[in-house]
Every structure is written in structure tokens, then in C-alpha cells.
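Have a look at this one.
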Amino acid sequence: MTGRRERAWAAAILIALALLTALPRLIPRDSVINFVFLILLSITLAQSWNIVAGYAGQVNLGHAAFFGLGALVARTLWIGGRPIVTAMVAGAVVAVLFALLIGVAAFRLRGAYFAIGTLALGEILRTTVNNVLPEISTLPAATIATYSLTRRYYLALALAAVSVVAVTALAGSRLGLGMRAIREDEEAAEATGVGALRLKLTALALSTGLAGLAGGLFAFYHISYYPAHPFGPQWTFDALLMTFIGGVGTLHGPVLGAVLYVALKEYVALHWVDFHLLIFGALFIAIVLLLPGGLVQAAERVRRLRWG
Amino acid sequence: MSLLAQQLLLGLLIGGLYGLAAAGLSLVFGVMKVLDVAHGELIMLGGYGVVFVVALLGLDPFAALLIVIPLSLLLGAVLYWGLFGFVVRADEETRVKNSLLIGFGLALALHALAVQLWTADERSVVTPYAGAVVSVGPLTIPLVRLASLVIAFALIGGLHLLLARWRWGKAIRATAEDWQAAMLTGIDIRRAYLLAFAIGTALAGAAGTLVTIGYSVSPSIGLEWTLKALIVVVLAGLGSMLGTFVGGLLLGVAEAASAASFGGPYREVVGLVIFVVVLVVRPRGLFGR
Amino acid sequence: MLEIRDLDAAYGDIRVLSTVSLTVGAGEIVALLGPNGAGKSTLLNTVAGLLRPGRGTITFAGTDLARLHAHLIVEQGIALVPEGRRLFGGMTVEDNLELGAFAPRARAGRTAGLERVYTLFPDLLSRRRQLVRALSGGQQQMVAVGRALMTNPRLLMLDEPSLGIAPRLVASIMQSLVAINRTGVAVFLVEQNVPAALGLAHRAYVLESGRIALAGTAAELAADPHVRRAYLGPLAMRQ
């Protein structure tokens, strides 16, 4: 995870994203644009989860709560007449505030307890939203009439780029270094003056802020959905799987993982309609068993073999 | 007033099943330090197990326990050999993370399999005595659920004795306390893990059977019951099966009280809130060590 | 009986043991001395199967131990009383002792084994239903040694048995080791309390920075100037 290699990856990914701006003009087919949109959204979501997991070393199973909060606030403000970017930012702010509120308590937990604790918190939020807002949220007809997929696509591109830049900046910064120190050995890090709680909270803020923005994007994109839907655990698991497949704690891991995951899921869903979740679950287990560090670690291993 | 008492009673009756569901999870986590988030799916499979045993063999659903429990035991052994047995080779922190991930994959796969095989509809088993009740003062006690509570208690009591008296039961407890010391005493801890996982799965199967008998089963009860079991495990703490049973009863009653006070939808939330509070305030639970 | 040849051991990239060679013959008492962090515990843990060895061989009565799981090493007849005792605190004294007889080689002789332990440590007999957690350090040490004895070992290894024990109890523990040795069990002892260790051992080794620095009979080592200065002099006593 040297600075130079990460920056090289970041450059490569940003170039790829820049090239993708040409996509709507080259291939103006909705199915393709929707597909790439999904990948871009997934990249952002996975990168956001990666910040806490990969850099601060904690498995947050309630990540969807922040995705959902961002979506909820953004949707409400946007339908109420605010410009979408303002609404999205507001959603992110709410997500971060909620995160900081519970973060202080949540970070008292370690390992498995943090994981299940955050899972429970996510579920509390989902159940509450489900009870308070059980009805489907649909865009007003006027908005649907002027729905522009390209606009949403570009926003997704921008957001994905932001997430990559944010993680790169984080990894190279003193903040990132401190976080990695905590991940390796929290007690030792504390002893050398690294304020663990403050760093973890900063990581959490960044992570949930990005997730909130992604949620806003989700709210902007979908014409109708149940408000509780983006709070569902499957969004957390998706982010988790993607990051894991690609490699936790690396810059490019979530990106590779997102591309692979979405592509694979679409492929399996198309060809094995009935069994795709089953096959997916089985594939995932295989990956975890065989490659505990994800594909990135596998690549490392191959490299080490070939050059001794 | 008597309405509240009736609600609390029903909460108590399902609480016993919460306790049974949690016991299996607690055993596995306590011994192997593996958090099997597919535990709820195993309960779900047990529930479908009884539906099919009753349909195919015409047995009384309670008698079907005698078939579902051994089958679940076998399933647990297979899952350990094929899956979780590999997870335990890593150190504790990696173990927990990997088991979480594998559990998710497994839960996803099992859920999808169930939907594929049996559709998303609810199933239940019908018995001639289904509506039988016994009246104690103003309370009406559904007999089927009462019987389930008794059976759940008996199973947990049996587990407690197993762990206290059986040679391998003691070995399991020793492994849970200090696996390295257990190895030094000549215990093959892989065998201890296998037994713990198989027994845990058997308890899940039994819980699933009782859930179907008293209520119903569908593919989606998996996550719901995993969370219930988790809440009880955290509430009661590790190390005491009887404590876990009591924790289950407490959760059931708390849920009923909250539903009676704040309305139905908040029944779920109270459990989760208790969970989080206990985790933060007293992580080792009410009865844990 | 126990033969270690050119043993290397490492924790990740940190080399802890380098080409260590030593033997423990049947019926002997052998002591392993050396400063903290020299690798003494690592050596015992490796022999017992808790750690995987690097290069080198460990054989016991002709059997190669390197690939065996720890519980199978117990089955070969080697028992380790680990540092800090590592008892099952939530279980009774008797449960702990009985678990010692878990391996097949010890199962048949369980009742006789219990009697032996209670004869050696009469204090435990009256406390056998108590939870081990509730016992004093010295009593816990007795349980730890007793549990190891229950495995019916041919070689008994102990990692710092006098650590955390009141001085007058140390002597009594050392005496029990002599008594155990007289029944034919070899003893391999890692011990910080050098005078006590040299007092009961036949032979001894000194391990420094992962290598064997000295070897010889207990008398030879007790007379050695380096040993006297580092481990027996007034500075050493303050450790």
C-alpha cells in the first residue's frame, strides 16, 4: 500500500472515469447507462464502507443506515423544491451527525460486538422508518416528465470521482497513517499518542458522509421506492462484499470489487434467473474461504511467487 | 389489566423459544468464537423440516422433533466440515470477521434456496389440538405454546446437564475457556468445535420446529430470528445456558410490554434498543462471566 | 528420550530460537535457564505443539513431534504446565484434574491417577469441589501440576512454576517435582529461580537470545563464573 502505487491507481481510475463521460454520447442506450450508473453508485458506496473497515479496521454492519438517511433527507428536500445537490449535501450532513452521535458509544465496542451493535442500530432505523413511512415514495408527474438519465449519470460519475479522491487523500495523509496504526495495533498506537477515538470518529464521519451522498444519489435516481428500502441490510452487505472481493483497505479494491460484483450479479441474474442469489451466496463463500484478503491479495501472492 | 397480563404471558411463551434459539448461537460463539449469522436460517430450515416430516410421515409435529433434531445434528456436522471448520484455523479476530462474512454468504444462499424450493409463502402445521387452551383465572393459555415452552426448557436443561456431566461436554466447556490449555490436556479441540457446532445446529432445528408448530415458518424468518438470538445472547451473556433461557424470557416479556404500551410496530424496536444499551453499558451481559 | 536438534522458531519475521539443540533423558531432571525474552517459553510451547517449529527436529522416544497436533503430543507422553498455569477457572478442582485424563493413554488410569495427585497434594483433596478461581496461587499451581500428571506423562515440562508463588511454597513445589521424578517421570523445567532450579536438576542449559550459551551438570553450571554473575549474584537476585 505504498503512496506511489496508490496514487498510480487513483490516477488510472480517475482517467477511466473521465473517459466514461463520453459514454452517453458513444452508446446512448438506456440499459448500458443504467448498468454503468449502478457500478458508479456501488463504487461510491463500497469506498465509503472501506474507509472504516479498511483504514480504521472496524466492520460496520449498519452502514445502510447512513445510506438510507442520506436518501430520506435528500428526497424530502428535493421533492420539496430544493436543488438536488443542496439536498444531497444536506442528506450527507444529517448522516454524519447521526454517525457522530452514536459513534462515541459504538466505538466503545470491539470486534464482533461493534459489528453486531451497528447491525442492530441499522435495523432499529430501518424498522422505525418502515413504521413511520410505510408508503411508497413516488416522484411527482412533472419531475418524471423531465427525468434526465444522463444528468444522473454524470452526477454518479462525479460522486465516484470524489470518493476516489477522498480515499486517496485520506490514505496519504497523516490522518490515514494514524488510522492504519490503529488498525494494526490499537493499544500500541494509543501509547504513541495517536488519539484513537478521534481518528475513528473522523473515519466514521468521512465514511458516513460519502454514504449519505450516495443515498442522495439513490433518491435522485429512483422514480419510486419504499423509504425504508435504502435502510435495508442488503446495501451494507453489498458494499461489504464488493470491498472484500476487491481487497479491504486498498484504494482500488472497492472499485475492482464493485465492477466485478455488479457485472457478475447482472450476468448471473440474466442467465440463471431462478438461482442467482443462491449461486451468488455460494460464490461469495468460496471467495472468503480461498482468498481471505480478497482478489488484491491474490494478485500480490502471484507477484511474490513469480519474483521470489 | 388482565389484557396486559395476557399479553405478557404470550410474550413469556415466545420468550422460551427465543432462549432456545439463542442457546445454539451462544454455544457456538462461546466455544468457537464464531458468530454464525446464518443461525436464523438454520432455525428456518428446522421449521420447514417439521412441515415435511409431518406431510410425508403423518407424524404428530411434536414427535417430529425426534427426527428433526438428529437431522439438524447431521447438518451441523456437515456445515462444520465443509465450511466453518476452515474458519477456525485463523486467529480470533480474523475468525470473527471471516465467520461473519461466511455466515452472510450462507444465509443468502439458504434463504434463496428456500424461496426457490418452497416459495415465499408462510407454512404451518395443523394439529387437531391446535386451538386447545387452558384457563387460569383471567388468563387463557394456548396449550401448544405452553408445551413448546416446556420442551424448550427441557432441551436447555438437557444441554446444561450434557455440558456439566458428559466427558465431551466438559471438554467443550474447557475449550471455550482456554483452547490452548484444552489442547495441552489432550483434548482434540477440533472435535470439540465439531460437537459444539452440531449441537448448536440441533438446537436451532428444534427451535425452528417449535416456532412452526406454534406460529408459522417462511423463508424470511431467518434474519429476524438471528437478530432475536443475538439480542438474547448479548443480554444474557456467554457461559450459562440457563441464563440464556432466562434472557429469552426477558426479551419476550419486554417485547410484549412495549407492544402493549406503545403499539404493535414498536415490538421489534424495543429488542434492538435493549441490545444496544446492554452492549454499551454491560457488554458481558446479565449472567455472563 | 527428548531430543531437539538445530531447532529454529520464529514469530512472523522475528527469529526467537536459533539452532537450539538439547536432550532430556529418561528419568532426568533438566533445567533451562536464561534471561527474560530468551525464548525459553517458546521452546517449551514448540515442543508441546502450541507453536509450529521452523527448521530442525524434535523427537521423543524416536517419534517425530514436529507435525503432530498438541493433543497428540500429550498422547505421546509429554505434558506441559504452561506459564500462568492456564487452568479452567470456571470448573472445579476435580473437573480440572479429570480433564487431565482425557487422552486415551490416561483414561484407564484415571482413578489411580487422582489418588496419586491427592497423595502428592493433600490440600487439594479437601478442596476438590471448589472452583479453581477461588484458590490461592500456590493451590492453583498444585492443580496445574496435578492436571499435567493426570495425563500419565513420561516427560513433564514446566514453564516458570515458581512465578507468583510465595517463597516457602516454592520449596514444597520443588520437592513434589523430586517426588514425581522418583516415580520415573522426566522433568524439563524452565525456571527463573536459578538456585532452586539448580538445586533439584541433574543437568541444565542456559538459553540466551535464542541460542544455547551453556550446557552441563547442575554442579558445573552452579560453579560457572558467567552463571554466577548473571543469575546467582546480588544483581540477579534483584530481578
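Note that the chains are named A, B and C in the order they appear, and that numbering of residues resets to 1 at the start of each chain.
Here is the rule we use: contacts are C-beta pairs under 8 Å (C-beta built on N, C-alpha and C of every residue); 3 or more make two chains touch, one makes a residue touch a chain.
Only a predicted model underlies this, so the values are computations on that prediction, with no experimental measurement involved.
Asker: Which one chain sits nearest the middle, judging by mean Cα positions?
Answerer: It is chain B that sits nearest the middle.
Asker: Measuring between Cα centroids, which chain is at the maximum distance from chain B?
Answerer: Looking at centroid distances, C is the chain farthest away.
Asker: Have a look and report which chain pair racks up the highest count of C-beta pairs in contact.
Answerer: Among the chain pairs, A-B has the highest number of C-beta contacts.
Asker: Once you find the CA centre of chain A and the CA centre of chain C, what distance in Å lies between them?
Answerer: Centre-to-centre distance between chain A and chain C: 53 Å.
Asker: Calculate how many whole Å lie between the centre of chain B and the centre of chain C, each centre taken as the average of the chain's C-alpha atoms.
Answerer: 43
Asker: What whole-Å value do you get for the distance between chain A and chain B if each is reduced to the mean of its CA atoms?
Answerer: The mean C-alpha positions of chain A and chain B differ by 32 Å.
Asker: Which chain B residues touch at least two other chains?
Answerer: none
Asker: Which residues of chain A touch chain B in their complex?
Answerer: 59, 61, 105-106, 108-109, 111-113, 115-117, 119-121, 123-124, 127-128, 130-131, 233, 237, 240-241, 244, 274-278, 280-282, 284-285, 288-289, 292
Asker: Would you tell me which residues of chain C are touching chain B in their complex?
Answerer: Listed in rising order, the residues of chain C that touch chain B are 48-50, 69-71, 74-75, 79-80, 82, 86-91, 95, 98-100, 102-103, 106, 147-148, 151.
Asker: Quick one: which bits of chain B touch chain C in the complex? Just the residue numbers, please.
Answerer: Its residues touching chain C are 167, 170-171, 173-174, 177-178, 180-189, 239, 289.
Asker: Which residues of chain B touch chain A once you look at their complex with the stated criterion?
Answerer: Chain B reaches chain A through residues 35, 83, 86, 90, 93-94, 96-98, 100-102, 104-113, 116, 223, 227, 230-231, 234, 265-266, 268-269, 272-273, 275-276, 279-280, 283.
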